[in-house]
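Following this line, the structures themselves.
Next come two complexes, and both contain subunit A; in the first it sits with subunit B, in the second with subunit C.
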Partner chain A sequence: MVLIDKETWSLEAITWSNFASMFTNSKIPKLFILANPALKNNSQFFQDVNLNIILKPLRASMLQVSLQRALFGGGDKGNCRNGVVGNLSLGSLLQGKRILVVDDNSVNLRVAAGALKKYGAEVTCADSGKRAIEFLKPPHSFDACFMDIQMPEMDGFEATRRIRGMEAALNDRIKRDEVCREINGKVIQSWHIPILAMTADVIQATHEECLKSGMDGYVSKPFEGEQLYREVARFFKPNTKLS
Partner chain B sequence: MNSQDLQNLQLIQIALERIRNVERPLSVSSVSPFINNSTILSSCGVLCLNPTQESINQEGNTQREKAMDVNMLQRTYSDLLTSLFREGILNQQFTELQQLQDENNPGFVYEVVSLFFEDAGRLINELISNFNQQAVDYKKIDAYVHQLKGSSASIGAEKIRSVCQTFREYYDKNDIQGCYNCIQPLNQEFVTFKSKLEALFTLEQQIVAAGGSIPMMRH
Partner chain C sequence: MDYVHLRRQAASLRKGLFDQGYLDEQFYQLEDLQDDASPNFVEEVVTLFFRDSARLMANIDQALDKCVKDFNKLDVYMQQLKGSCTSIGASRMKTDCSAFRECCRDENIEGCMRSFQKIKREHSVLRQKLESYFQLLRQAGPVECATRPNK
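Let's turn to the complex of A and B:
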């Protein structure tokens, strides 16, 4: 990337074109010229489409837009555009949410946690179904759980069944007014933490078993942006103001 | 240079930082022979030319040499990374990992890949020793391969994941010979992966030590 303040150069307009063509024939570096808008009278200079011109006085936001557009193109439908939109959307859903991620494999755990943390979630990791049950015994303050299905000692289905069992027992007692409904200042009529299965092989049978055991849905492993957003959006509303 | 120029430079830096957080543009090392405060420029990787100034001073020359070294390192890094994708050793998931790395999580890729080296190394050793036993416990072996498939998929180690997939297909067909034939390639792919990624990380360290920034690839 090369930024040149036009006023510091004494090149004539015609030489500018030659100079600029050096840069347009190769992809990098990109040439940007910082120019005084008073020069708009020099129409030849400004009409040269090969020049990326940024007008002075400089503003950071304008610089960002111009640089981004020139570097990545207006019609770029690649990662960057999706990434920006996707990150913002998932961020508005997950910001500040307390999420439990359960996977017996430490690499998968680290990657899943990293992805969720990127969107602003507070992530706790558990490496077994047993640990998951300890964490999710109500009352607790988790907002959602991502659970690996295939784990050695206790798989995701069994762990979910037990969690739903604990929730059902407590909900019964809540209905009979045997226990207080309030936790951390929130009134909870009935406990049901959203549990999403994380699975590497997504097949129909797995889907049915997920629902049968009390899971709320599933996502593929590793996470895929749009699918993750779709599933998470079923439980969390977008936060219009991010804290 | 005057204060207006300095202010402009700061604005450029801010804009580039914003872009870097989102887009990670390809950046060049900084060369700033004419400006006293070169830290502004080097932190955002901007090459500035100001030819109305007088002759190049000694500092300028050394800066330019250092810049060339960094450039060469960056090019080697980019070439290596590109080849890893082209040869199918890495897939898109690795790029996703790189995008998870930011100032809040600076060593993320290195941490996760190092974890994988340990994890996969252990699993492959188990596989090999299990296969060398009198009575081979294929169920156990399948469990190990399943683990390896999951973790290699998580970090984008495509070739390793692919061999695990092939193993799984042979296993499902009860093809013992097919299963057995996967072990050696699995080990080989892991050895290759480890050495290439270690080379990549070494280059990263060298680039940073020389004051440059890591080029980001766009796929």
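Let's turn to the complex of A and C:
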């Protein structure tokens, strides 16, 4: 692997793209370019799909994901940008997925919804735990839920507990054959919508409480690219055929 | 109308906001979310932020005015405000919000009042600068072809 800091090495004789193509034609070594995010407006450079770009400051998690993708990533040559592990990757996971985002803070809601929509998700917003429960009473057609945990009237933990309760009740009836398993042409043996907590303070206690209340994981807010990808990849398989 | 000049002014204002620490990289994320489907996303979110934060700050003002200081309530309001600041990348305000919350934890009412005054000042400056920035962008009009802005 070769990591080059773009700012400390200015190429004069050839362009970065041509330089990088010398590496892509052979399997090894892999070239990664460390770039300054303040230069993101230099759009041509950042959109060049031949370049594996990692934004500075270099973070261990981002490095891990970038290396994994570059060394093992199957066919997806989307470049790595700003923690967003190749827009192509999150897009392939989220395209067409129906996501419910729950947050009582309208600014956070707007930004979170915007981020998910960017990857092709169909986003519905809810501004309270109560609304979330209304939306997620089965049967429903949501594929996943992002839930703020710090909400005044009913926090995310309580809302999740109640949703799991509703699911459990319906699942019981499904087991006893009291109720039809088919919804929208899909056969659902057991209801369990993936619920990811959105939290501003990611601490160990929060993690345990998330799991105890029936949540499936958590992400920080605002979203952090590679963490979002990692969590979402646990529930959604990449759609290799993007329509 | 000299659009190039206006665009340069806007770019310079924007750079200043980052250089002086008013905005952090979260603001880049907002800009990333702006596209043909949401052509005014950044301005919409920023407008929403200032409306929302003004409301929260009015609540905090009221709560600070009362004789009996409810530090829990103040902390809850401030947590909300800090969350909004984080979402748009309002870096200085975010730091000041944290300082206020520390004072709440210490039940230090003077500290709260002092840091709240700072928050109000930062809020006002940020609002002024961003309003100027968006006005310049509007005047400069849409960018027809990809231009390389100044660093």
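What we mean here is this: the second predicted complex is superposed on the first by the 158 of 243 C-alpha atoms of A that agree within 3 Å, B and C clash if a C-alpha of one lies under 4 Å from a C-alpha of the other, contacts with A are read in each partner's own complex, and residues count from 1 in each chain.
In this section, a contact is a pair of C-beta atoms (placed from the backbone, for glycine too) under 8 Å apart; a residue touches a chain by one contact, two chains touch by 3 or more.
A quick note: this is a predicted structure, and the numbers were derived from the prediction, not measured.
A.B. asks: Looking at the overlay, what does A:Pro139 touch: subunit B (first), subunit C (second), both, or neither?
C.D. replies: Neither: A:Pro139 stays clear of subunit B and subunit C.
A.B. asks: State whether A:Ile4 touches subunit B only (first), subunit C only (second), both chains, or neither.
C.D. replies: In the superposition, A:Ile4 contacts subunit B only.
A.B. asks: Once the shared chain is lined up, is A:Gly165 touching subunit B (first), subunit C (second), both, or neither of them?
C.D. replies: After superposing on A, A:Gly165 lies clear of both subunit B and subunit C.
A.B. asks: Under the stated touch criterion, name the partner, subunit B or subunit C, that contacts more residues in subunit A.
C.D. replies: Counted on subunit A, the partner with more touching residues turns out to be B.
A.B. asks: Counting only touches as set out at the top, which of subunit B and subunit C does A:Gln150 meet: first, second, both, neither?
C.D. replies: Both partners, subunit B and subunit C.
A.B. asks: Between subunit B (first) and subunit C (second), which does A:Gly96 come into contact with in this model arrangement: first, second, both, or neither?
C.D. replies: Once the two structures are laid over each other on A, A:Gly96 reaches no partner at all.
A.B. asks: What is the shared patch of subunit A, the residues that subunit B and subunit C both contact?
C.D. replies: Comparing the two interfaces on subunit A, one with subunit B and one with subunit C, the shared residues are 84, 105-108, 110-111, 114-115, 117-118, 150, 152, 200, 221-222.
A.B. asks: Which subunit B residues qualify as touching subunit A in the complex?
C.D. replies: 5, 7-8, 11-12, 14-16, 18-19, 22-23, 25-28, 45-52, 93, 95-97, 99-100, 102, 104-105, 108, 111-112, 115-116, 119, 143, 146-147, 149-151, 153-155, 218-219
A.B. asks: Which positions of subunit A touch subunit B when the two form their complex?
C.D. replies: By the definition above, subunit A touches subunit B via 1-5, 8-10, 28-29, 34, 56, 58-61, 63-64, 67-68, 71-72, 78-80, 83-84, 87, 105-108, 110-112, 114-115, 117-118, 150, 152, 200, 221-222.
A.B. asks: Show me the residue ranges of subunit A that touch subunit C in the complex, using the header's touch definition.
C.D. replies: Residues 37-44, 82, 84, 105-108, 110-111, 114-115, 117-118, 150, 152, 200, 221-222 of subunit A touch subunit C in their complex.
A.B. asks: Sort out for me which residues of subunit C touch subunit A in the complex.
C.D. replies: 11, 18, 25-26, 28-30, 32-33, 35, 37-38, 41, 44-45, 48-49, 52, 76, 79-80, 82-84, 86-88, 146, 148-149, 151
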